[in-house]
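To keep things simple, chains are lettered A, B, C and D as they appear, and every chain counts its residues starting from 1.
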Amino acid sequence: MRELAYYEAKLEALREILAADERVHFITEIATGFLGLSARRFQFNEIAKSFPDRVISPPISELAVCGLATGAAMAGLRPIVDLITASFAFEAWPQIVNEAANAFYMSGGQTRAPVVFHLLHGLRGAGAAQHSHSPQAMLWNCPGLKIVLPSSPRDVKGLLKAAAASDSPTVFIDHVLLFEYKGLVPDASEVIPFGQAEIKRAGADVTVVATSLMVQRSLSVAERLAKDGIDAEVVDPRTIVPLDLETIMASVEKTGRVVLVDECHQSCGVAAELAARIAEVGFDRLKAPVRRVATLDVPVPFSPPLEEFVSPSETRIAAAIRAAAR
Amino acid sequence: MRELAYYEAKLEALREILAADERVHFITEIATGFLGLSARRFQFNEIAKSFPDRVISPPISELAVCGLATGAAMAGLRPIVDLITASFAFEAWPQIVNEAANAFYMSGGQTRAPVVFHLLHGLRGAGAAQHSHSPQAMLWNCPGLKIVLPSSPRDVKGLLKAAAASDSPTVFIDHVLLFEYKGLVPDASEVIPFGQAEIKRAGADVTVVATSLMVQRSLSVAERLAKDGIDAEVVDPRTIVPLDLETIMASVEKTGRVVLVDECHQSCGVAAELAARIAEVGFDRLKAPVRRVATLDVPVPFSPPLEEFVSPSETRIAAAIRAAAR
Amino acid sequence: MLLIRHFEETLIGLHDQGHFEGHFHVYIGQEATGVPALSCLAPDDHIFTTHRNHGHLLARGADPARMYAEILGRRDGYNKGKGGTFHIAASHLGFHHTSGVVAGIIPLAVGAAYAAKARKTGQLAACLFGDGALEEGAAPESLNIASLWNLPVLFLCENNGKYGAGRAIGAVQSFSMAVYPLIDLPKVYKINARQVDGTDADAVHQAISEAVERIRRGEGPQFIETQTVRWPGSESNWPIVPVPTKIDLAWDVSSVPQKFRDWYASSDPVLAFVRKTVECGAATRDELAEIDRNAVERIDKAAKFALASPYPDPQEAVTEVFA
Amino acid sequence: MLLIRHFEETLIGLHDQGHFEGHFHVYIGQEATGVPALSCLAPDDHIFTTHRNHGHLLARGADPARMYAEILGRRDGYNKGKGGTFHIAASHLGFHHTSGVVAGIIPLAVGAAYAAKARKTGQLAACLFGDGALEEGAAPESLNIASLWNLPVLFLCENNGKYGAGRAIGAVQSFSMAVYPLIDLPKVYKINARQVDGTDADAVHQAISEAVERIRRGEGPQFIETQTVRWPGSESNWPIVPVPTKIDLAWDVSSVPQKFRDWYASSDPVLAFVRKTVECGAATRDELAEIDRNAVERIDKAAKFALASPYPDPQEAVTEVFA
């Protein structure tokens, strides 16, 4: 095990994936690259230089580019497309949700499209309404796509490797504000299978289910609340398609109290689905209503105090956990 | 009051709207028109001929067309765009969810975009995976859009009039399989305000919340079950943004039992959001888990028995109501 | 061509008899494009097509029985009934994915060409679409990338609007496309492009085989527009057969209802080919009649096979979502 | 032009001092396009612009103080802090909606033109975007409709990639756009199009005023591409100021760091305009220095105003979602 920053683990995974399999092509705007607009983005250059034929910059044509990657996947490659800001996935919506997602099913199992779409979702700080989307809920509403939401250095590495190996179209969604988080990463190459939730913090009182950056935020709140005697268990599904409901329900069984933390807009967000499923199977176990902490249902405002107000902030998470524990 | 078929009421509303307000322009593929591929579509021709300057056929360019309508709305018109099959809204996704939805908020309240997007959603029979989408859940995840889901002749007329008068971008979603339903429609012109649910059938045992075609399907099941002594109340929100949660909760208060019927794919569908909200505020009132009947989480298959199997069919609705009533 | 024609005419009958639901599109009138065009491709080339795919699949040798089974939603369909008419896929023939979304396949075909180039397989990708697809932004975006990256892709635009009330009208400016002629669009992206009469099988064959050669030589994307006159049976949204096609119509269209007669007399590519074949002495009328009878018979059998094929088990609906 | 330049340079300082977060884009190097172009429009014309909007707003007479307040997320911002740098809107000046999505505004502008034509107001819609926007499918789709429906829209494509590492490179074939020159794209849609040197204010003025006249005469959409050389301060993703602009630089760039010197010596449109103004005798160096001092002062005051403006009440975040 070594300690790595999230962005380092992510780059390491990409480098290993490109080195291991010639069929992997990585389509990205090389100048901004795999690390979005983060301060670390220049570190991507080295990879771009190592695989000049397989790391390519496309025109600003997300729709055609996602279609191209999907078609290339149908014809034997395993492309990874970096859309950078998740909101730009909307430009490619018809190809992602209506071509890639349907290809295997619609062809009666004839055609595989092992393509990975990489997105940076969420409130990144001053992204305003157009650059702050978290499209994972919309994508979950489209059967046929696997959806990955890593939250730690170890997970981003192991899950990216699993995504690259997946035979189904996979949307790999992470968050620019995760990049500086540090954590232990195994020396040996690890592939983390889809559909295995992880208890990121064990606790007895309240089950907190969170994804992506919200896992880190929930962990930080949980530590604070522990001092006040509230012992929260933080469960990270890591992939929402497939979803490991068993691990979540085992925790709910224990605590009977649930808080869902999700950066999607609240209505029809990831937390809505989790709330519905948990209440469906765990109705008799719940001691209190399932609480959601999500982005308020307004376009994301630019101004920092406004953005903070609408976001699933530590303040709001803490309040929800306290209320659930009561 | 007169008895009209749904399609007649819809056309009547459109005719009145076009006649009343010069700012209304209707953009549609005139050949297939406002009535989709239904057998009734030719009846639209008469309207097209009455307003030749304001009923126009665009190129097959949904993205630009929805943007055009939105921009025209910003500059003083009140356009209605007919996208026909709801799945084609995906082509226009960036304009609908990232321009129109955000315009008023992002401009700090300066810019109104009174545009209506009309879609025919759902399983229309042999639409297969690419033509059977119900994007209302995805759209509900985008703050800034009003979302209308009529289910009866009277509602489609009154709600279309409200949509045309709305100062916010509005997505008007109906279903080709509703067109032949008949019902009473007031002689005088009626505008049905957004945010007012209607109890479509009063009942004491189970609250069924359904939208669009699912209202009709639920009503038919409710009549059947009444003979077995199960008295279901069918609540139709009519608009999901804004949502009249009060009327829904008043029914839940009474019955303590809830079935949600929704043609979206199940995960993160409309039913998921309703389930989460109802359990949030009605936790103590619920005598049984909230049950969802939605389209199964697979791409929609073409073959009729397969399509029936994945759909929120009468069989599945009846089973859910029986289970809830137990 | 005769096989395609009879396939489609019989299909319309199956629809009229209520054997399948929903919207569908037929290839009648475009046979002299698809048949020669697909004959120019190699067995392992990739092919992407649209809602109007039946003729392409048949031209490539697909089994009409399994196609009917698919269109009728039966278990023996190519897609096991999951796809239907818009989405017939036959991977072994290179049809990986057939999309009903206008222009949906254009980026996909460019992607398959990208893969072929990257993997140095020598394959090309053929992308078969209608004139209307050029109105979608996906088309110019894809033309741009295909050109910049010099990809082995054949764009075949079947413009079925010549003189017609269709979309991009072949011989006059259309109401929905400002670019005229259509081939100016690929040209502006520096893609070699040619227009050809889509009812003339020989002309199509020559144009496509030249384009394919260019692609194989590494000269990058090639664009061919074929112009055909829209079959009057497709004026309404659901096709109707004005008259069942018979060899004899090539010389006498008096049995065709007056309002449809023009098309059969002067625009029908199948009848034109029949006339030409006889005129140049390649076959006699009797020989052609024999071929025609065989085609009819094969189609009859195919339809019977499909009608006898059971519907899939409903539970099949929830399988094969993920690979 | 000087006002814009100082606005942007001061803004970069405000960013470096941590007064606002996030990504932003400046108009440095394009001043000789925006200023004359916007001067050709009528007060009630509609204008749609992008992430690179600051210069357009200022050229139209927007208040730099309220612009800064917006960019700093303060209550007195044009959008009350809800929009930020990418989305500054000023409805009373015709800026209804400013989008950070590449090409997002192109259909919107065409729509505003549609409204103007339908309502017979005599207005036009100006659509200001970068060369990169032509790579998005929204652009050709919109060009097509604008042409078919003969709409009163001015497409102004600011190509800031001349000789640069940018996207669609003005003087050579780019890596991301196969159409070259760029104006061939509108032309293929039968839209009248012209290229002009975007660093030459007079040339821009002439081209735009002619285009505007044509539009007002009902001749339909017009397209102008202005070519500028990308300012070296924007090579990285966050702009840096190589040297604060002063009038004297017009004649002596020795204070500019070597690697940036070229641009200031030969590509800076503001300095070129300064030189030209003095050369042709329209103003003396001293007079210009005075104008410059006034601009600096105005910008200073504007920045102070914005810094003093309070943040909005957080509760404001949930207001004005619906009209």
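The definition used in the following text is that contacts are C-beta pairs under 8 Å (C-beta built on N, C-alpha and C of every residue); 3 or more make two chains touch, one makes a residue touch a chain.
These numbers were taken from a predicted model, which means no experiment stands behind them.
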Chain pair with more C-beta contacts, A-C versus A-D: A-C
Chain whose mean Cα position lies farthest from chain C: D
Distance from the mean Cα position of chain C to that of chain B, given in whole angstrom: 36
Rounded Å distance, chain A centre to chain B centre (Cα mean): 30
Distance between the centres, which are taken as Cα means, of chain C and chain A, whole angstrom: 41
Numbers and ranges of chain A residues touching at least 2 other chains: 58-59, 61, 63-64, 87, 91, 94, 98, 105-106, 128-130, 143-144, 297-299, 301
Sequence positions of chain D contacting 2 or more other chains: 77, 79, 81-83, 87, 99, 101, 104, 135-138, 141, 144, 148, 175-177, 321
Sites on chain A touched by chain C in the complex: 23, 25, 53-54, 58-59, 61, 63-77, 79, 94-95, 98-99, 103-114, 143-144, 146, 167-168
Residues of chain A touching chain D in the complex: 31-32, 37, 41, 57-64, 87-88, 91, 124-131, 296-299, 301-310
Chain C residues touching chain B - in the complex, by the definition given at the top: 20-23, 73-74, 77, 79, 81-84, 86-87, 99-104, 132-133, 135-137, 167, 175-177, 237, 311-312, 314-318, 321
Partner chain B, residues of chain A touching it in the complex: 87, 90-91, 93-94, 97-98, 101-102, 105-106, 128-130, 133, 137-138, 140-144, 241, 264-265, 267-273, 275-276, 279-281, 283, 286, 288-292, 297-299, 301
Touch list for chain D against partner chain B, complex: 46, 48, 77-83, 87, 89-91, 96-97, 99, 101, 104, 106-116, 118-119, 121, 123, 125, 137-138, 141-142, 144-145, 148, 319-323
